[in-house]
Amino acid sequence: MESLTPLLAILCPAIAAPLVLLSRNHPNIREGWTIAAGITMFALVLSMGPEVLKGDVIRFTMFHTMFKNIDFAFKVDAFGLIFAITTSSLWILVSLYSIGYMRSLKEHAQTRYFFAFCLAILGAIGVALSANLLTMFVFFEIITVSTYPLVIHEQTPEALGGGHKYFAYLMPAGAFFLFGVVATYYLTGSCDFTPGGIKALATTSPVAATVLFFCFLLGFMKAAWMPFHSWLPTAMVAPTPVSALLHAVAVVKAGVFGIVRMICYIFGVGLVDELGLWLILACIAGFTMIMGSFFAIAQDDIKKRLAYSTISQLSYVILGAAFLTKDGVMGAMLHIPFHAYMKITLFLCAGAILVGSGKRKISEMAGLGKTMPVTMLAFSIAAIGMAGLPPLCGFISKLYLCFGAWELHPPYGMIFLAVILTSSVLDIVYFFPIIHAAFFREPVDAERTNGGYVIKEAPTFMLVPLSITAAFSILFFIYPHTFYIIDLVQLAIVELFGGG
Amino acid sequence: MILPIDLILLFFLVIIAIAAVTVKDILAAVILTGAYSFVMANVWLQMGSSDVAFTEAAIGAGVSTALMVAAISRTTRWEK
Amino acid sequence: MTGGGAIPEKRMAGRDVIIETISRLILPFILLFGFYVMIGTEGTGGGFQGGTILAAGFILYITVFGAKRGREMIPESVNTFFESFGLYLYNGSGLLCIIFSMGAVQFLNYPGIWPVTDLVGVAGSRAWIIAFMVEVGIGLTVMAAFISQYFDLAWKDEEEEMVVRKE
Amino acid sequence: MKSLSSFGIVIVIILIGLSAYVIEDLPAFGDENSPANKYIRIFSMQSDAMGSMLESGVIPIELKNKIYEFGFNEENHYPTLEEGGYEIEWNEENGGWDVLIEEGEIYYNEPIKYYCIRVLGEELAVYRYNWPVRVIEWTEEETATPNAVTSGLADYRGFDTMGEETVILTGAIAVTMLLRRRGRL
Amino acid sequence: MMEWLAQHVLEKYNFWIAMTIILIGLYAAMAKGNLLKKLIGLSIFQTAMFLWFISLGDVGRDVMVTWGLKGGTPPIIWEKAVEEGYTYVNPLPNVLMLTGIVVSAATTAVALAIVIRIYQKYGTIEEDEILERELQEEVRYASG
Amino acid sequence: MLLAEQLPVIIVTVAMFCGFTILLAGYLNKKSAFWISLLANIVFFALSILTLRHVLAVGPIKYWQGGWRPPWGIEYVVDAMNAYLLVILFFIVILIEIYSKRNVEKEIEARKHPTFYALIQLMVAGLAGITVTGDLFNMFVWLEIASLTAYALIAVAGGRALRASYNYVIMGSIGAVFYIFGVGWIYAATGTLNMADMRILLPVVYDSRLVQMAFAFIVVGIMIKAYIFPLHFWQPDAYTYAPSSVSAMIASIHGKVMIYILIRLVYSVFTLDFIRYYIGLDLIICWVAAAGILAGSVFAIKQRNVKRMLAYSSVSQFGYILLGIGLSPLSPWGLVGVVAHILNHAVMKGCLFLAAGSFIHQEGKWDIRSFEGLSKRMPWASGAFAIAAISMIGIPPTAGFASKLFLILASLDAAQYPFVVILLLSGLLNLVYFWRVIDRMYFVRHEEPTEGGNEGTRRLPISMTAPMMVLAALCIILGIFWLTDIPMPLINQILSDLSTGGRL
């Protein structure tokens, strides 16, 4: 079905960006644009839900390109809509939070910040709604470039170093992705996302397909899988809302989204299985999960710890997709929004802690639960969810992943099940000390550690978003139909694997 | 038109070209270039290209040389 | 070519009467020959050669009498005018073809200038326009251009000498 | 720029090698019939008694088609060998038949020499006449200028000359711009 | 070998001599240090190229047979010429090379103007010294 | 003969006419020079658009100078490629002229303005002449006009530009003579100078060594003129020290037209068959191009002077065009890449040079290391620089991406996989040296000097900002334009006019 809605949704941040730039002298108007665009976009995205649930795929072709069979087009299918909903809903919250954060820390260059933020969201929503690899690549690169000013926001040499590292990883990744796009087109004459994969790819030589697969995998370096993860902790020099954006919404999520897209909609489950690539991918993902957790344990800086946690958690999605089973893919798809909500809560909390108490180190956080109850409560909720414990949405996705692992061939199934469970235990290991310190340890002398900084609860602008995300983390467990998420995932699974 | 004369002129050309390139006095080199152009004009006359010979004699041997001499008068005469 | 190129003004005192007289005598003949070569399409020669010979004549005059008196004889305005005027003639003869024939014939298709063609016929019009617009145009431009180049290359400034000496 | 001297020697050696390589195909000095001076042989075909047809003033249809296919056709803005649009005449000097075609230009309708057809044993060789032949033959008649260089310079290739004038003017302007210190410009 | 020499070197002596001068000029234009010498080399180079081009259009010389005693006549159409059996040379190379000569003269003039300006600035027209001066400036800039 | 068919020749000749007129008018009134030149170029731009429309609608224009049929006289052929280049030429020239008004007032003394604009106008005429001509020797004449003007325009900056210009004179003349030498060989082989005629006659003599020699000499000559990698050594100096507007014009237009000669010769005269089957040069061209792409980028990384960096970047980018030419016997996308990159690079490089020129104009800064805080003081110029730099890197919605995409597709299509790697690597190298500048301008923390009194008063004049902004906007618009199928008719027309055998 042709409809203008996807375009309108994408236009929201695209229009907001220049408006933000134009009203740079009026902070309230500037941030008003951001919020207004966010709400409009969310409404637009959500309005497509019922239509998509009916089984329709909403398409919008912007123009035909010079390449035969490739249009510059947007397509709203179930899987894309999940990511779109995640992105657009979190944009509003992160914007609200950013306002509080930036104003209370009196950061410089706020206009640049909000401008780049709009562009990053534009990229993310574009990736979510794009109908083919070329369109996706365009928005992918928009994300990469627009995130750079956010990463180096501090403009210290350290921040610039982080930014350069960020580029040093992600620009070559973009090159690999570009090669993948062109090679796919060259091999198959098409690069549309088709449920079940592009047919012509199955008939090309296995070597070409394998090379292509790894090109894409390197292209989705944004997913921070293990040998190529180190840009992500380095990029932690960015302000906290940016880290939240990087980790939960735009960048890394786009990476894993891309991997799932590639496996399920370009190669197709059958081909990946046939080539035996799933095992390599699953091994990479399993390795990343375990190692990421171990690295996280070693970190004292809360944002670094969260960063490694992200690396570990993203691999759940890759692993789920690599299983190529119905439940595995379902778990992977579910983990995208669920992890986004939980991780963003954690990051927002970390930012709130920084604003409220000026603390970054976990070892200094003793007793924070008393002075910042809301923040730490939200943090605890999200942390529990990350570990995959029941009253939170993380449980659902991990459960499906476990089912997915169970469906595998006998030896692998047990191994990967063990990996998932080990990783979950490690999650508890690295989150528990924080919660413990916050609630059950006596505060150290605040005067001595923090140079006269009065510890108080963070501003309301920041508290509201993080409470909302924490609440949603629970809500998704209780009522997974919120924002149609579970329905959409089921629909996507039906599209991919057929049958009920 | 006549081979021996032609060959002698061409041989001259080579000699003059080598001399013009190697001589240290640039004024001499310029005058040799003029001579080169003039011999060249003769060769062309031999080849029945009277118009080109005329032009080369007027422009190559005449005006170009004058311009070069003018330029030398404003720069230096000796090559190092 | 006394003094190599142009004679600086201060050396005008040591000028040679014989050279001056001979060059003054010979100049009209050089110019006449130049014009003959320029316009005569019957034999060898044409605009380039004629123009160059004219230029050479003037260059002789400039060399002998000094740049200042040369400038008096060929003022900058005249020189610049001829530089452009020659090309106006040539380029204009081409454009006139289009204009006269209202775009019916091509650039430089000389019979398109029908008033001339009516007078002297197709082949004649070509010959006439070649002789009196094209060759003259070429000649004037070449002459003026070479004279201008020679002036600029040869005319040594007093202050320039000072600068060079200082360095 | 010192490095350029060794570079120069390398180039000199390369050029000498190239010259030795290419010299074999260069037409001999003074060759009257070389492509540059007269005509270029475009193709040859089995004669098959076509010579007699040529003698009677008709170009055989195969030959006509071959010429057409070769690229000398309306598409390339060549005057074609339509019936009656061409003439054939024997040229003693070349030992072949000249094919004259009417160009149908605005001011000139005389047939112009385009091809030369010679019988060489069994073969029928077709040549295409080049620039000098036409200009030397027609300069007097078309431009009333006996000097072929002048007519070539000012008429047949008049645009070159105009550009070249502009080059001279450009040189003068450039020198003026770089050096002139007195006067208005 | 001798045959090859006779056929391709003696018979085409125009090309070889032109090539020799071309190489002399080219080498001078590239390798000489003096700017005016470069220019002289360039003008020799250009003119030698024109020589080769003009010799393409010459007619009537059969070096091996007639010792080159017969040659073309200037392409000025002349009734008597036909009667006496002259061949006109090819006018096209002449037309082209006329243009070439004029172009080379213009290039020379511009180059000379630049040389004079260089001399006014650096006080020398030796390339090495100019480069040295520039290097000194560079060092001066780098040291503040 | 329709007036539309007269348009290309009217453009060229009247452009020259304006050149002389500017000289005379400038003699009388110095201010008039600029305005005549600008007005004339605007008119020519309109005419060139009409030409392009006519060509696309009706087909190639074949124009016989003086009414002489092609093998006898000089023919001008305007097919889609020429008309397209003509439009680009005049468009960029107009923008750069608008920019140059104020810049030239500052960089060049007032008495030289009439001659300066006369030379600019003559250069444009020469470039237009190269573009439309269909005759090899006629091309040489225009080539010399364009080159002579370029020598003088570079030298007018004085100082080091003089030596740079002198090197250019020597190398350029050697290149021109090589070109004419090559023309001589091909004339000896075929006896014609007309390109279309030569295309017909050349198959007869493809085996002849003369043609190979001709090809070698012509290509080397054009390589010198178009500063393709191993023969580029005159170019960085010339670009660095020339007046800003001149280096912008030469970088964005002059080089393009020079490489157009190569394109025209390869496609329309020697034909791809010859390149591929008779001398087997296509892959060698590709490798030369690849070496140029990498070497240019590596050299650019080493530079501190922003204009010199851009100059080396040009060397690298010309490798892209040459790579497209080399790949085109194997894949039609190669030519698409060439066509796209000619326009894209003209726009991008023009924008970059204008921006760099305005940094020099306003603050006298050419050292990349002194660019801190430039984004605050000159937001528009540095914005334009950033957009164009991003486009050079090849980030998607910009023009550079499109050409990179086409070339990658071409090399895949031609099954020449190494070039894919080289193209992608080149994008990353571009990132290294352009991002360095962007970092300096935008992101490196920088203390504003406290005496901000005269900061606000000296702003870049609008006539300098506007052209940059137009070009920067075009960087993005073109990026989208090339992805759409709007240029398809143009590209198909170009493909069929250049007889590459087939359409997309």
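So that you can tell them apart, the chains are marked A, B, C, D, E and F in the order they are listed, and the count of residues begins at 1 in each.
FYI, contacts are C-beta pairs under 8 Å (C-beta built on N, C-alpha and C of every residue); 3 or more make two chains touch, one makes a residue touch a chain.
Computed from a predicted model, the values in this text were never measured in an experiment.
Asks: Please tell me whether B-C or B-E has the greater number of C-beta pairs in contact.
Replies: B-E
Asks: Can you identify the chain nearest the overall CA centroid, using each chain's own CA centroid?
Replies: F
Asks: Between chain D and chain F, what distance separates the C-alpha centroids? Give it in angstrom.
Replies: 32
Asks: Using the average of all C-alpha atoms in each chain as its centre, how far is it in Å between chain C and chain E?
Replies: Roughly 25 Å, centre to centre.
Asks: Between chain C and chain F, tell me the centre distance in angstrom, where each centre is the average of that chain's C-alpha atoms.
Replies: 35
Asks: Among all residues of chain E, which ones touch two or more of the remaining chains?
Replies: Answer for chain E, listing residues that touch two or more other chains: 13-14, 26-27, 30, 33, 39, 55-59, 61, 63, 68, 71-72, 74-76, 88, 92-94, 96, 98-99, 102-103, 105-107, 109-110, 112-117, 119.
Asks: For chain F, which residues are shared contacts with two or more other chains?
Replies: 13, 16, 20, 23, 27, 65-67, 137, 141, 144, 148, 151-152, 155, 187-188, 193
Asks: Going by the contact rule already set, what residues in chain D reach two or more other chains?
Replies: In chain D, the residues touching two or more other chains are 24, 26, 34, 36-37, 106-107, 131, 135, 146-147, 149-150, 153, 155-164, 166-176, 178-180, 184-185.
Asks: Which two-chain combinations qualify as touching?
Replies: A-F, B-C, B-D, B-E, C-D, C-E, C-F, D-E, D-F, E-F
Asks: Which residues of chain E touch chain B in the complex?
Replies: By the definition above, chain E touches chain B via 13-14, 17, 20-21, 24-25, 27-28, 32-34, 36-37, 39-41, 43-44, 47-48, 50-51, 54-55, 57-59, 61, 63, 67-76, 88-89, 93-94, 97-98, 101-102, 105, 108-109, 112, 115-116, 119, 124-126, 129.
Asks: Okay, in this complex, where on chain E does chain F touch?
Replies: 26, 29-30, 35, 38-39, 42, 45-46, 49, 52-53, 56, 92-93, 96, 99-100, 103-104, 106-107, 110-111, 113-115, 117-118, 121, 130, 134
Asks: In their complex, what parts of chain C are in touch with chain E?
Replies: Residues 42-44, 48, 142, 145, 149, 152-153, 160, 163-164, 167.
Asks: If we count contacts the way the header does, which residues on chain D are in touch with chain B in the complex?
Replies: Within the complex, chain D contacts chain B at residues 147, 149-150, 153.
Asks: Tell me, which parts of chain F touch chain D in their complex?
Replies: Touch residues, chain F against chain D: 13, 16, 19-20, 23, 26-27, 62, 65-74, 111-112, 114-116, 118-119, 122, 125-126, 129, 137-138, 141-142, 144-145, 148-149, 151-152, 155-156, 185, 187-193, 196-197, 199-201, 204-205, 208-210, 212-213, 216.
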